[in-house]
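Note that the chains take the letters A, B and C in the order they are written out, and that residue 1 is the start of every chain.
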Amino acid sequence: MAALDMTKLTIKSAHDLLAKKEIGAVELTEAFLDRITAVDSDVCAYLTVCAELALKQAGEAQKAIDAGSGGMLCGIPVSIKDNICIEGVRTTCASKMLENFIPPYTATAAGRVMDAGAVVLGKVNMDEFAMGGSTETSYYKKTKNPHDLSRVPGGSSGGSAASVAANLALGSLGSDTGGSIRQPAAFCGVVGLKPTYGLVSRYGLVAFASSLDQIGPVAKTVEDSAILLDVIGGKDQYDGTSIEVPETSYAASVNAGVKGLKIGIPRQYLASGLDEAVKSAVLNAVREYEALGAVAEEFDMPSLKHAVPAYYLISSAEASSNLSRYDGIKYGFRADGCESYGELVSKTRAQGFGREVKRRILLGTYALASGYYDAYYKKALQIRTLIRREFERAFEKYDVLISPTTPTTAYKIGENIQNPLTMYLADIYTVAVNIAGLPAISVPCGADENKLPIGLSVIGRPFGEADILKTAAALERALCG
Amino acid sequence: MTEKIPLQYIADLSCLALEEDEKKALAADMADIIALMDTIKDIDVGDAPITEHISGVRNIMRDDAVSGSMAAEKVLSNASVRLEGCFVVPKLME
Amino acid sequence: MPYLPTIGLEIHVELSTGSKLFCGCPVSFGGEPNSRCCPVCTSVPGTLPVLNRAAVQYAIKAGLALNCEIGLFSKFDRKNYFYPDLPKAYQISQFDLPFCLDGYVDIELNGEQKRIRIERIHLEEDAGKLVHDGLDKYSLADYNRCGVPLIEIVTKPDIASAQEAKAFVEKVRLCLLYAGVSDCKMEEGSMRVDVNTSVRPVGTDELGTRTEMKNLNSIRSIVRCIESETARQASVLDSGGRVVQETRRWDDNKGESRAMRSKENAHDYRYFPEPDIIPAEFTQEQIEALRASLPKMPHERYLEYTGKMGLPGSDANQILESVALADIFEDAAAISANPRTSASLIIVEILRRLNDMGLSPEQIPFDGAALGKLVKMMDERQITANNAKKVLTLMFETKDSPDKIAKDNGFAVISDVAGIKSVVSDILKQNEKAVGEYLAGNAKTFGFLMGQCVGALSGRADPQVVRAVLQELLQKGQD
């Protein structure tokens, strides 16, 4: 019998082996650290590897397992997106601006996975301040798609998705502002879940767009995503927008099945601009659902066509404000040789931020500036209301909605980065979910002719995570048998 | 045709000291994106109210309880320049 | 040409909550720089504000105390600007839906009442402090004050003189002290005033261009600054110039102001709804409960004091200057049923002692019930007025009740005539010569004997009773 490659396990299977003492937590962590050393120079998922911390956490996890007190995540090696703070561990947001930033506190979500015994292997790459869809705007490195190293892993949580897809972590925490978990999950052939706004604490997530950001899991299976969500979800006293929800087990919901489930497909999501391969994989998934006893139909959501401009207005406006704090004085990069406060701030920001971040700051400032606010920002908030209402109406009729996660499969590194507008328009299937604060999951539903993965998105009602998990899991079982 | 973007004014408001060539490149990018944003100007939203907050809930507040502050060294630990327990700011040009 | 000023005020008042507006750092004054800071109030990336319920309640109470309408739906907004005392580069404030709107305060000046309207009161966070002293190229930033809850009270331009501004600020200060929402210590910066002034020629209605003077922190400087700015604007106009709309800085030492160089973009604050804080919504019942929790406001108390309690207006005002004094007075008056004596003990005796000891009224070590008891003892002739003062002195030193102090120190009045008789007859025995002189017809000796008796009783007996007993016993001797 060939030796077990522990890096190919899932969270669930690794947990079972750990619990049965067939593998040890330290041994498991070492296997991942070895693989990171061997493979990550190609994939470039990690910005910081915390070998020492990881081995220490693994040792403690083993003690908990031995004492019989370890939960589902105990001893499980994970990666964390580099915009989620861990006290004492460099957190850069993939920006020159935060090259030497060591957070003095730990994000609630990261704290919860560590408290549950998970082992933090390191911090993974992303688009600078989570702005981008290919992880190419990172100041430090370009992460590759493990399915084809010449292609992007997606973004902004490209490091999270690539680390999981390349067996460099069993799971990851990413963040999703307009598709930043689901789109890289789709590109890398893994599962990514964006929770309902308010389900997972944002405390410790370096803000991009506060009304849209959510932390969520990236994992190999739907069940693994649910296991991570079980740990990170729930009210947090340090986030005034986190919401009290009844105690549930998401992991227990994945086997519920879809018989009788009513599925809606927004017609606007199957219209022009969609790759044929992606479209046929999605339609194939619909047939699978029907075969499993669900009822699916197309319906109209006319306001969806405004989602992309509304999203870029809202997210850029909030970002312009959230990123104003980087002035060189309290933390992060500080420009040299400045004689006045104004010079220091404007040079620090000009030198510390990359092109994409500056573009968004300028756009956001423009959208909020006196004389433009009503036409742009206020209008976008009104459209936000319209989009929410359309989703509310849809959920009166359907239990879940499905759509492609992305219009294409992963593209070549460098292919789109010179054309921001193309990149922005590619977010068409993901941003409306953030605008409406809904939960959505991307699950693999096939591959194109280049064997590049295709993702299907399942969108649920507010706090309908159990619905989207069981729907995604049913397809996962149907396709992978 | 989109109106001309007051880029210098916006850059000043954003506190970004842009070089001339960077400004040119950004202006070109932004023209495209603003054309996209402009598509919402003509949408009839009727009397739809703005979404003040996405979650729809109200009144999340905390009790007035004092919890520990951080040691001053830790407060200042990420500042690249510090003096006498304070952050250091170049003089303001008033 | 004579000009009249039109003045509007913006008053910033720090609320006396225990913790800051959005984090658990303590609210206090002084201390080492950056010693009351945490990741939240120093804007460390990833941190979030969580709203302090008490601060919201205080803001609403302030509104109720100043006769405002309370908005049932309120939200917070971000006010964006770069300044080194503002670590997030935005201030969390309230733009279009503040907690309180449309209030007023009635002031009295030279016997005439005038209503000053309040436009709005909103809740926001305070900024940090920049220290410039002794440094050439740098300022130092201390964020201890960052995030301290602050209300901003904005008036309509209803104020027509420096004296009206003074009366208004004093009245607002008193109302907020009574509402218990702030200590209003101008010298510690917990109450700061911005003054907007414009002038117009007498006889016209048209408002002139206004200037803004920021961060005045004493009543005296408010008065001086208004007078100086009115004169300055008048002389600009008289010399054919134009008043420029600008922010000016008042230099209290020089007694003059100068224009601050204003940055062109300074006023494009790009307000937008604060996404990190969920809006607040209240029911009318919740607002009424807060209203019911407010103590009586000073103007209401003034009417009671000068009405059925019969105090002169000046005495009422003197007591009303401090909530602690007013509370002690009201309790004492209720227990003793004697407001006038209660008031006079406070104004004459207690205030003098506080002054001598350098204490504030809040530091009075006994309550109004104890003072009331003392007044009652006086009224019931259990103690003389003179000894009551001695008891009062001891009440500042011990925690004992006035009757215990009176008893322990022998201040209690000897009220039984038999007891007095025995003391007096002892005195007469010791002073046979004087008694003989009196009996021989020297009436003046009576005064001497009376003095001896009062001395021996050390003020513990009613002099009228002593006199009667002495006369009675001397009479007997005659017979």
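The criterion applied here is as follows: contacts are C-beta pairs under 8 Å (C-beta built on N, C-alpha and C of every residue); 3 or more make two chains touch, one makes a residue touch a chain.
Keep in mind that what you see is a predicted model, and the values were worked out from it rather than measured.
Enquirer: Tell me, please, which chain's centre (mean of its C-alpha atoms) is farthest from the centre of chain C?
Expert: So the farthest one, by centre of C-alpha atoms, is A.
Enquirer: Of the chains shown, whose Cα centre falls closest to the middle of all protein Cα atoms?
Expert: Looking at where each chain's C-alpha mean falls, the closest to the middle is B.
Enquirer: Find the geometric centre of each of chain A and chain B from their Cα atoms only, then give the gap between the two centres in Å, rounded to an integer.
Expert: 23
Enquirer: Please tell me the distance, in whole Å, between the geometric centres of chain A and chain C computed from their C-alpha atoms.
Expert: 55
Enquirer: Cα centroid separation between chain B and chain C, in whole Å?
Expert: Centre-to-centre distance between chain B and chain C: 41 Å.
Enquirer: Among all residues of chain B, which ones touch two or more of the remaining chains?
Expert: Those would be 9, 13, 15, 50, 52-55, 57, 60-62, 70, 75, 78, 87-93.
Enquirer: Quick check on chain A: which residues sit in contact with 2+ other chains?
Expert: Touching at least two other chains: 101, 104, 211, 237, 240-241, 320, 324, 327, 329-331, 339, 341-342, 345, 365, 369, 381.
Enquirer: Provide the list of chain C residues touching at least two other chains, using ranges where the numbers run on.
Expert: As it turns out, chain C has residues touching two or more other chains at 39, 42, 44, 50-51, 82, 84, 137, 139, 141, 268, 270, 273, 275, 278.
Enquirer: Which residues of chain B touch chain A once you look at their complex with the stated criterion?
Expert: Those residues of chain B that touch chain A are 5, 7, 9-11, 13-19, 22, 25-26, 29-30, 32-34, 36-37, 39-41, 43, 45, 48-55, 57, 60-62, 70, 74-75, 77-81, 87-93.
Enquirer: Flag every residue of chain A that touches chain B in the complex, lowest number first.
Expert: Interface residues on chain A, with respect to chain B: 100-102, 104, 197-198, 211-212, 237, 240-243, 306, 308-310, 312-313, 320, 324, 327-332, 334, 338-347, 349-350, 353, 355, 358-359, 361-363, 365-367, 369, 375-376, 378-386, 388-389, 420-421, 424-425, 436-437.
Enquirer: Using the touch rule from the top, collect the residues of chain C that touch chain A in their complex.
Expert: Those in contact with chain A are residues 39, 42-51, 78, 80, 82, 84, 87-90, 137, 139, 141, 268, 270-273, 275-278.
Enquirer: Sort out for me which residues of chain B touch chain C in the complex.
Expert: Interface residues on chain B, with respect to chain C: 9, 12-13, 15, 50, 52-55, 57-70, 72, 75-76, 78, 83-94.
Enquirer: Going by the contact rule set out above, which residues of chain A touch chain C in the complex?
Expert: Contact set of chain A toward chain C: 83-85, 91, 93, 98, 101, 103-105, 107, 202-207, 209-211, 237-241, 317-318, 320-321, 324-325, 327, 329-331, 339, 341-342, 345, 365, 368-370, 373, 377, 381.
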